[in-house]
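Each of the next two complexes has chain A plus one more chain, namely chain B in the first and chain C in the second.
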Partner chain A sequence: MSRSRENTDLSRPLRSVIFATLPLLVLPQAASSATAAEVVEKSHQAFYYAGADMKARVTMELIAANGRKRTRVLTMLRRNETGGREQRYFMYFHQPGDVRATTFLVWTYPGKDDDRWVFIPAVNMVRRLAASDSRSSFVGSDFNYEDVSGRDVESDTHTLVREEELDGVPCYVIRSVPKTSAEYVRKLAWIDKSTFLPKREEYYDSQKELARVFTAHVVEVVGGYPTVVKRTMEDVKRAHRTEVTFEQIEYEMGLPEGIFTQRSLQQPPRKWIQ
Partner chain B sequence: MRAKTWISTLSVVLALCFPLEAQANKNFPFEVHGFVVGTAALRTTGERPPGGVGGDFVLGEARLRLDVAGSTSSGSGFLQFKGDLFHDAVENRLDGEIRELYGGYTDGPVDIRAGRQIITWGVGDLLFVNDVFPKDWESFFSGRPMEYLKLGVDGVRLQYTPSAVSIDVLAIPFFTPDLFPSPRRFVIFDPMTNVAPQGTSTPATTAVNTEVALRVSRRLAGFDVALHGYRGFWRSPVAPLADLQATGTSMRFHPRLNVYGAAAQRSLGAGVLSLEGGYYASRDDSAGTTPQIPNSQWRALAGYQYQPWKDSTLGLQFYSEIMDDYRNYRNTLPLGVPIQDRFWSVISMRFTQFLRYQTWKLSVFVAHSPTANEYFVQPELLRRFTDRLSVRLGANAFGGAGETSFFGRLRRSDNVYASVRFDF
Partner chain C sequence: MNIKGSNPLEKLTRIALDHPRKVIAFAIILTAAFAFQFRSISIDTDPENMLEPDQSERVFYNSVKRDFGVHDLIVVGLVDQQGIFRPDSLQRISRATAEILKIPGVIIPDVVSLTTTDNITSAGGLLDIHPVMGEVPQNPAESSRLRAEMAENPFLHEKLASTDGTGVALYIPIREKNQSYRIAQQIQSVLKDHLLPGQSYHLAGLPVAEDTFGHQMFLQMAVTAPLAFCCILLLVFLLFRKSAFLLPIGLDAMLAVIWAMGLLIGTGHTVHIMSSMIPVFLMPIAITDDIHVLSAFYDRYRETGDKRRALLEGMVPLYRPMLFTSLTTAAGFASLALTDIPPVRVFGLFVAFGIIAAWLFSMTVVPATVSLMSEERLRRSLLPPQGDSAPLLDRLVRSVGRFAFARYRLVLLLGMALLLLGVLGVQRIQVNDNPVRWFKEAHPIRLADSVVNRLFGGTYMAYLVIEGERPEQIKQPDVMAYIAQIQTHLERDELVGKTSSVADIVKRINLVLHDGDRSYHEVPERADAIGQFLFLFQSSGDPDDLDNFIDYDAQRANVWVQLKGGDNQQMSAIERRLDEFLAFNPPPSGLKFRWSGLTYINRIWQDLMVVGMLKAVLGSFVVVFLLMLLQFRSLWMAALAMLPLSLAILLSYGLIGWVGKDYDMPIAVCSSLALGLAVDYAIHFLDRFRKHYRLSGDLGETNEYMFGEPGRAIGRNAVVISLGFLPLMLSSLTPYVTVGLFFATLMLFSTIATLLLLPAILRAAGRRIAGRVGV
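This part shows the complex of A and B:
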């Protein structure tokens, strides 16, 4: 409910910055990049920030070139902090056996490295994770940590390349180029004009070759929020892919702040992670 | 008899659980999991401990872990059991071990757990300041997984988190000592070889002997900060020298100890900075004049961990122990007893690299003490074939100029280990 209001609040400072710098830039390019940044910002809001909070049971199937499958099942809880773009994530692993009951806590900050903690149940220990891990594989999947909790919109320069239909859905096609060294040198994203959810993303590596492809296969409206419930990240070069299914999705549950603390790492909130 | 009891208990539990697909439901509010792991560790130095067991093998065992967790529907009451049934081929015996067994209750800011539980405090990686809880170094140095380094404590933990501050209070009435590599499996230099201690007495289970540990933690200026306190005993026993000299025998015992310390951890640059310090007050030798009872000491640790490249981690640590009242120690130390240095410092490095979607994990831990001129190296390779089946290969290598130092005394016990694990 307060979400839409917040969206407007967030894009306002951004917009004013862009308009303030407009005269300094070559006009057509500036106009397109203003639009592109807005689209990406809206897409970010739709994809990572929908609802004040969210819960989902996430199944990740890691599929190798030879067809061998590995499975990770986790419960993800997410809460947007009021009045800003900070977020809190809590993840509890149900499967596989050697990581069962492992929990992750992530506090994200716009324009600053995330704080991340992991709880290792075998030794009953909470440990901090280095922020530089953001490019590392998330639990052995084709997603990295950054894909899971989102990359700052301001970290890339966005350009609207064209507008076209993808599978009959009108999309913006946005090119994003990282401002500093990143996992990719260029990203092309097809963003659904109506939901602002990404339909497809292509990541190009330092050899300027296609490295990874993200595809949103199924979008459902849950609690009023269009939600990607089936998605795939494919490593094109290594012929490895990760298929992700979101189930038992709920929004606006009023998740208490206390869930997103180091205490719940050790003592997971059973009510929410069943 | 013990083994028989264990087998029957576990058989009954297993028989009960598996038809129910080992998952919690209305009639059976428990989740049952576990693993089977076989581990062998082979001594590579060709030497065998005099009177030892197992020939060239430090370890040869098959272990069945049963992990049962249950909670009430509200989640406020819970129960955790982790137990092992194992066959030790080196000693040729069948035995069982309760790793953890506790009941708990959580409500609002209060969380209470009673029973055997593993507690890990502090920010060190294998170098401990405020983690005063029992450890099984024999396990660790013979190829068992890291989790077997920690032993549970038998006590009650109360955690109270009224706000941003979290307070942990532990009361441990039943003392658990550290376990060090034994001369039955390790070729060890033991300065007490010529005298036969008559055994070890653990602190009597009395109200006054109950170990108490306290931790107050919170976030402060981006740091996770904790203050620690402990009142209890040194976990490694000592033999009173006076008895030795008088009678040639001696009963080892655990001297009293207090620990006061603090720890802090935060993100710094691309990595994580860890700082920890503590004062070990040796209450039975506060002046440092009683030989064989450890003197009071300061401990300090600084560590930094970051990711040099994708899917890797590099952790560096500097650790130091500084003996208090060193002059008194030197003045009262009898002739013929090896002299400890005032400082014992360790520099450590752990490098970990995941490969092929974390199906391979290569790691190496290196600890070097420039003050004692000794080292410990543990390279390890983990291969996960499926979500259930994995194999671990590794080695423990020790070295040092002196036979009396922590790693140096194990230098004739270098070993390689292999382990196969199946999770269910």
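This part shows the complex of A and C:
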């Protein structure tokens, strides 16, 4: 399996982060007997559901094959709905300049299409977006909506292929095959045995060729939660990649439910999006 | 002047006759070395390589492809006369599309089809983003709803489905153009498996045509070239009735081809469309000297019955004309090195090399082979009871000579009239080409081209790149509106099937945001609205979709112009249409416009070809004239030698003008070498005429002599060369057909001009000309 060079460079800081956070983590001996689906489920919890709520300032750099860049800066607010696996996301765009104050609201449900709304300030309009296609790119980046808010664990058949070290970190290697046709025919994920965060994911397309690669470069513990603060999604075939940095991360702020409504699309909650 | 015995070329022949086995063995060893190079053959079928790698339009096209993420396209038309919007047929198409996505080399996210492309519709504040055909319709009502939905979206209308509902299209971008043939084969086998009976498929687009051409071309080389070879041998046999002549002639042609191709491959050149034609060009030319040698040998041998003497004596008057005919023909081909088109340069230089090699063989290998033949066999083969060969041709040649000499005024008048006709015809010549036309009319590629371009928005891609003077300028409302105006103007031309641009995206988003209110199908007046619409668009589909039309800095926009025809003239017409628009509607400040795309690139190299060929023709005209001066040491004689070929060339091209055949790539190539080949007969004629006149001093008697053996040799030669090119007409590729037909015509004209015009002129002005050269 080929690995990018950045990975190796990052292995040392990564490892120290992980050692420092080990005591906080879910029991490692349970993992060895875990089934593949359980590993994926835990990984989802660690990656998408950490904390009851979360806030981050997200910078996305879209980098084309010729080196040209497009930058997107947004504030992302997330709230887990109590008792279920539903989530709500609120996104406010700071950059690029001409889309400033554009906002997105996403309600996700397990086993069902998301609800999405968008506010377009130049025409002062809120529109609901019905997208049966969660493979759609997220604001033009190499991430799609599923990558941002998570794909149902039940949508794929998961197999534990092997356990191996990736950059010195013990990982489960899980193969996931979609049950119905999807953007990929096979996904290989390296999931950190201790944090359950994905370290690397490889997506193979219908030509059985490597199409996209996700890499978690830097993991930091914020408010007790190991968090991927630097990640990349690379479209291998297009030689296009998106680098994402999370800053000003906060968990458990007690975000009120009212933020995640259509009304705040037009009147974003100033307090949370500075 | 006449340097018998001490002639270095004659020495060469003497050596060959003294050591025939060694000379032949040596030639064969060298040939084996050249043949050994064939193992490293590499093939290049890309017409883009007609341009230098650093040619500015090509560099620009590459940057357009990279910056806008555009790829060469295979366009698949699926046609069902019963109507394609039926649940069962849509089901098949959906499955076939999924299979096509699995073919390596297909760029999955960029495939445009019913199931992979998104449509945005709106109703009651809801923007619904879904594949054009998310679910396959289960009943006729759903099918017709799908059809209506597609007709409503200008992005899909006539792009994915035809207006009459009989066809749908798939646009399949591919990673490498030179894989189009392989991918096209795989697509066809998928479609064969999946389509219903009565449904047909058509693969169109320049990449398929170009790559398929490359593959067929090599088939042609394996079939047409050997066929031409056999045909030439057959003609030689029919004309001379001497089976003994076939071996030396065949040997010369084969060795020359192997040497030329071997050297070409061995020196690291790719075999391009052009170079694949080297064997068919070289073979007939290679044997012209042999026919003179064997013709002379035959006449002598009948008198003396001594092989060696017959060869040596028969060849004496031939060394000079053979040297000069070979030099002029080689110079004609070598003049192609003056063009700016790399494959043409390679072609010209290596054919020239092959010609010189063939000339060398004519003086060495050919006499050596003849000398090794048993006297017994030669006698039997060459001295048949009746002795006379092809009496019809001989009589014809003789009467032509007498006629021209006697009725010289009429001949000159006729020549003048034909010259005028030629000049008038040349002025009617239309420069035009289209790689799809390189296939004969009935070929599936031609059929696909006409079907798909009739039903859909056009398979010939051209890109109009609009560049602003600063970043973000494209997003300005005035620029965006101007782009939309250009599109409207271009689309009014019926040649333009469809145009797409970032302005269309903006208009579409504006429309769907306003619940489909048609009055909003326009560019908004605020720049930030445009920015936000594009942002929304990016959040609703594949990121590439926007990148195809606008670059990262929003400084450049790319307008896709789909043409229904790919002729160079059609491309030029669209360029003129844009220029007119720009002249009457001044663009917003600082905008620059530049064309690109395969259709445009083809137009560019075509132009280079025409200019290049003109340069080459003029160049070789000068070179041939200088060689004639060197040969005859007389301005008069040199001018005289140039006359028949000038007439022949003017007539051949005049004919093209009158018939209305386009001046295309193959015709352009023919032009420069026509000179070198057509002058041959004049050289032979004048050289021998002068020699004899010096001896006899009588014009009439000399003319009688000329239309004996020398005229016969010219006549035989003409028949072999003209007819020898004809097997090319059996080819399924039109460039081969064109070349075959053109050469047959040219050589015919050249022979007629030589045999009629020269005696007439010599009669009219002979004493003066001959007098100058006389002694």
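The rule is short, and it goes like this: the second predicted complex is superposed on the first by the 239 of 274 C-alpha atoms of A that agree within 3 Å, B and C clash if a C-alpha of one lies under 4 Å from a C-alpha of the other, contacts with A are read in each partner's own complex, and residues count from 1 in each chain.
Note that a residue touches a chain if its C-beta (ideal position, glycine included) is under 8 Å from a C-beta of that chain, and two chains touch if they have at least 3 such contacts.
On a predicted model such as this, the values are computed, not experimentally measured, just so you know.
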| message | Given the alignment on chain A, is it a clash or a fit between chain B and chain C? | response | clash
| query | So, does A:T102 touch the first partner chain B, the second partner chain C, both, or neither? | reply | second
| task | Kindly classify A:S136 by the partners it touches after superposition: chain B alone (first), chain C alone (second), both, or neither? | result | both
| request: Please work out whether A:D113 is in contact with chain B alone, chain C alone, both, or neither, and reply first, second, both or neither. | output: first
| After lining up the shared chain so the two structures overlap, which partner does A:D205 touch, if you call chain B first and chain C second: first, second, both or neither? | second
| task | Please indicate which partner A:A65 is in contact with in the superposed arrangement: first for chain B, second for chain C, both, or neither. | result | second
| message | In the overlaid three-chain picture, which partner chain does A:N124 touch, first (chain B) or second (chain C), both, or neither? | response | first
| said: Under the stated touch criterion, which partner chain does A:K271 make contact with: chain B (first), chain C (second), both, or neither? | reply: first
| message | Quick one: is A:Q262 in contact with chain B, with chain C, with both, or with neither? Answer first, second, both or neither. | response | first
| message | One more residue to check, A:S181. First (chain B), second (chain C), both or neither? | response | second
| query | If you lay the two complexes on top of each other, which residues of chain A touch chain B in one and chain C in the other? | reply | 62, 64, 68, 70, 96, 98, 122-123, 125, 128-133, 136-137, 139-142, 240
| remark: In their shared complex, chain A is touched by residues of chain B numbered 33, 35, 69, 71, 74-75, 78, 106, 111, 117-120, 145-147, 149-150, 159, 161, 166, 217, 224, 265-267, 270-272, 305-307, 310-313, 354, 357-359, 384, 386-388, 390, 421, 423-424
| query | chain A touches which residues of chain C in the complex? | reply | 66-67, 69, 98, 101-104, 106-109, 118, 122, 125-131, 134, 175, 472, 475, 513, 524, 526-533, 535-536, 538-544, 546-547, 551-553
| task | Within their complex, state which residues of chain A touch chain C. | result | 62, 64-66, 68-70, 93, 96, 98-99, 102, 104, 118, 120-123, 125-133, 136-142, 181, 205-209, 211, 237-238, 240
| message | Which stretch or stretches of chain A touch chain B in the complex? | response | 62, 64, 68, 70-71, 95-98, 100-101, 113, 115, 122-125, 128-133, 135-137, 139-142, 183, 240, 261-263, 267, 269-271
